[in-house]
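In the part that follows, the structures are each spelled out as structure tokens.
Both complexes shown next keep chain A, but they swap its partner, so chain B is in the first and chain C is in the second.
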Partner chain A sequence: MRDRIRKLIAERKVVAVDVDTLTDTSDLYEAGLSSFASIQFMLALEDEFDIEFPERMLTRKTFVSIESIDRSIAELIGEQV
Partner chain B sequence: MDAAPQTATPSAEGPIGAKAFLDQLFTAGVLTETGVDGLYGRSGDFEEVIERFEALVTRYAGADKAERIHFPPGMPRPMLEKSGYLKSFPQLAGCVHSFMGGEADHARLLQMLANGEDWTELQQATDVVLTPAACYPLYPTVAKRGPMPEGGVLFDLKSYCFRHEPSQDPARMQLFRMREYVRIGSPEEVRAFRESWLERGPELIRSLGLSCEIDLANDPFFGRAGKMLANNQRDQGLKFELLIPVANEKPTACLSFNYHQDHFGTLWGIQQADGAPAHSACVGFGLERVALALFRHHGMKVADWPQSVRAVLWG
Partner chain C sequence: MPVASPTIEILRAPAERMRGVAEIAARHSGEVDREGRFPQEAVDALKAERLLGVMVPKRFGGEGLSLIETAELCTILGQACGSTAMIYAMHQIKASSLVSHGGSSPWHADFMRELVEQQHLLASATTEGGIGGDLRNSICAVNVADGRFTLEKDATVISYGLYADAILVTCRRSPDAQSSDQSMVVVKRGDYTLDKTTGWDTLGMRGTCSEGFRLVSAGDAAQIFPQPFSEIAAQSMLSASHILWGAVWFGIAADAVARAQAYVRAAARKQPGSLPPGALRLAEVVAMLQDMKASVIAGVVRYEAAMSRPDELSSMGFAAEMNNLKVTTSQRAAQIVTHAMLITGLSGYKNDTPFSVGRHLRDVTSAAIMISNDRILSNTSNLLLVSRFDTSLVN
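Now for the complex of A and B:
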């Protein structure tokens, strides 16, 4: 799942740096993720994984790193099962 | 002399509800109904209170030496389009439309009007939108001046602003005035500016015999995406409001203190002296809201307001 997230970050030019320079715990906001870009990214993640982030997850903390995104998506997919 | 009988002032304790307060304002002639919610005439007393309050704000800000610049309540449509306002607040924006047809269209328009049909389809969008916040036309103006001087800049703004949110809460008008100070400079400079107003704001309001509190806030961003913007804004402590109990259970935001980070600096290309994107912050005074708080707490007759309050405003 983390590879798919990385691929999306690269495709959508979500951050200002090369995605390969990011670790799973790198702060995406520090890497150039803006407020507006984070919304586009959130919608792209919903499309890619066929999920809908509930309001409680629509926070900076959810999208701060590849690891945190992975954790949130896993939780949502888990809920669907 | 402070001998006015207190009975002349209706009880201002506790929430009476927005609609009841609006009716009180109409009955007392402080506001005049127009038939559209959020669009009211203002009495001479109401206007004078706003003038006096503004003079008080200027006294508090005097030493800061701001450059005063006033824009009209309409601004260029392309400026609003670029500002990002439509991403965040499409529901509040107002675009001015006009008739641009020929004589045949005019005849059609009059016919539709006479038939009680919707004639507005014969109107087209102009280059003008209604200003949603006093500072919106400022940023491109500052950007055009080139890199800022060392130490940044400070502006004193005022405009009628439009927000499409018809309501019978007098504190939520569709057309209202906003006085603003906008600081543009380094992150340290603009944060220090905001801190100074977070201290001065409550002091100023309390000097008018009004109770208030400062609280973390967020803008009413549109939709689910907006929920995320709002959460981001709160998480980062970018917006604070000064709240005064007026007519509702919840107190009313009368001043706001906003740190935009480098959002407008990057968007419009405003540079600090060293070429880095400028940061900005503003303090906004909702002039009608402050006036409404004063009328609510001190009564509908300005002459009967407590001497201490009159002394601060009329000096």
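Now for the complex of A and C:
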């Protein structure tokens, strides 16, 4: 799943740096994730994983790193099954 | 002007103290507006009444006032002089960031004590040449070496910059940080120089003296807030700005309506037995004012419910509601004052009658552009692509 997230970050040019320079815990906001880009990124994630982020997950903390995104998506997919 | 010692004096209720300041502000409001000068008398009175440190928690020497209590103070002053009230609100917005984020940092905690003791007036430098009102991006960067920082900013608007005792400046966190990776730094008088770059000959809010400056500063690295600015912006600045600005605009609008009512009552007394022509419009504008008040109060209630939960404060739903509060109240204020002028007619249009509302009208026109409503709406429209608005009546 983390690879798919990374691929999206690269394709959608979500951050200002090369995705390969990011670790799973790197702060994406520090890497240049803007509020506009973060929403486009959320929409892309919803599309890619066929999920909908509930209101409680629409916070900065959810999208701060690849790891936190991975954890949230896993939780949502887990809820579906 | 020397400030009275804070030791064991019993202070009167803040609202009562503010009403005294408002009388002074009202006396000078015409001249402050006409000459576009700083309302020195009223700001001296704010300091003498010790109203600059009221939001600081008691453990740092302040009075621990809540945002709603502070909003009420802004409204009282807003009825007397829009510029003075906006200066007071902008100061308290900066103070609220210190209160929310400074308590755990020794430098900022000491600074809060100093703010109360010496009644420091705080200014803000977020707007930057090449960036404009896009608060969440900076070009300038703070440079830290050996425990010291240096920071230069093309600050195109700093209200009362020349009269402030400290300025809270946003910048990139380091010279190699991205534009959205920001910090906020407290620079105190003595830490900085200001070279004036632009003037402030404006339609309204003339007394805020919001000139542009080249700011050059240096100081102790501890003056940089430990939290990223994104957290400060989301958790204290957004709500404090939009609530306290709304409170100021409400005060201006309320005074315009009071003048309109005085005009209608005077007309009614001259023609007993008949309803004066403006009476119906007065009923209409009072309803608009009530509606504006409800918006501000709903914003405060929403903020207080979220206040102790940083996650909630950083959520998109909260940001969208706070954005809407600003757009709605800024539009409402302009409509209300325009309405008040229709009621008062030529007497309101003239600058020298007891019913004049020209200054009010010019002052509230700033509301829509003080961070452009279009910018805010486009930000909200982006949030609404993923966030669902709250459909409940009572959250």
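We take it that the second predicted complex is superposed on the first by the 81 of 81 C-alpha atoms of A that agree within 3 Å, B and C clash if a C-alpha of one lies under 4 Å from a C-alpha of the other, contacts with A are read in each partner's own complex, and residues count from 1 in each chain.
Note that a residue touches a chain if its C-beta (ideal position, glycine included) is under 8 Å from a C-beta of that chain, and two chains touch if they have at least 3 such contacts.
Treat the numbers as computed from the prediction; the structure is a model and nothing was measured.
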Fit-or-clash call for chain B and chain C when the two complexes are aligned on chain A: clash
Touched partner set for A:A16, first chain B, second chain C, both or neither: second
Touching partner for A:E75 - first (chain B), second (chain C), both, neither: neither
First, second, both or neither for A:R60, with chain B first and chain C second: both
Contacts of A:G32 with chain B and chain C, given as first, second, both or neither: second
Residues of chain A touched, compared between chain B and chain C (which is higher): C
First (chain B), second (chain C), both or neither touched by A:D24: neither
Location of chain B clashes with chain C - one stretch out of 5-13, 59-67 or 95-103: 59-67
Residues of chain A contacting chain B in one complex and chain C in the other: 35-36, 39, 42-43, 55, 58-61
Complex contacts: residues of chain B adjacent to chain A: 84, 87, 224-225, 227-229, 231-232, 235-236, 263
Contacting residues of chain A [partner chain B, same complex]: 35-36, 38-39, 42-43, 55, 58-61
List of chain C residues in touch with chain A within their complex: 136-137, 173, 177-181, 228, 230-231, 234, 311-312, 314-317, 379, 382-383, 385-388
Contact footprint of chain C on chain A as seen in their complex: 16, 29-36, 39, 42-43, 46, 53, 55-56, 58-61
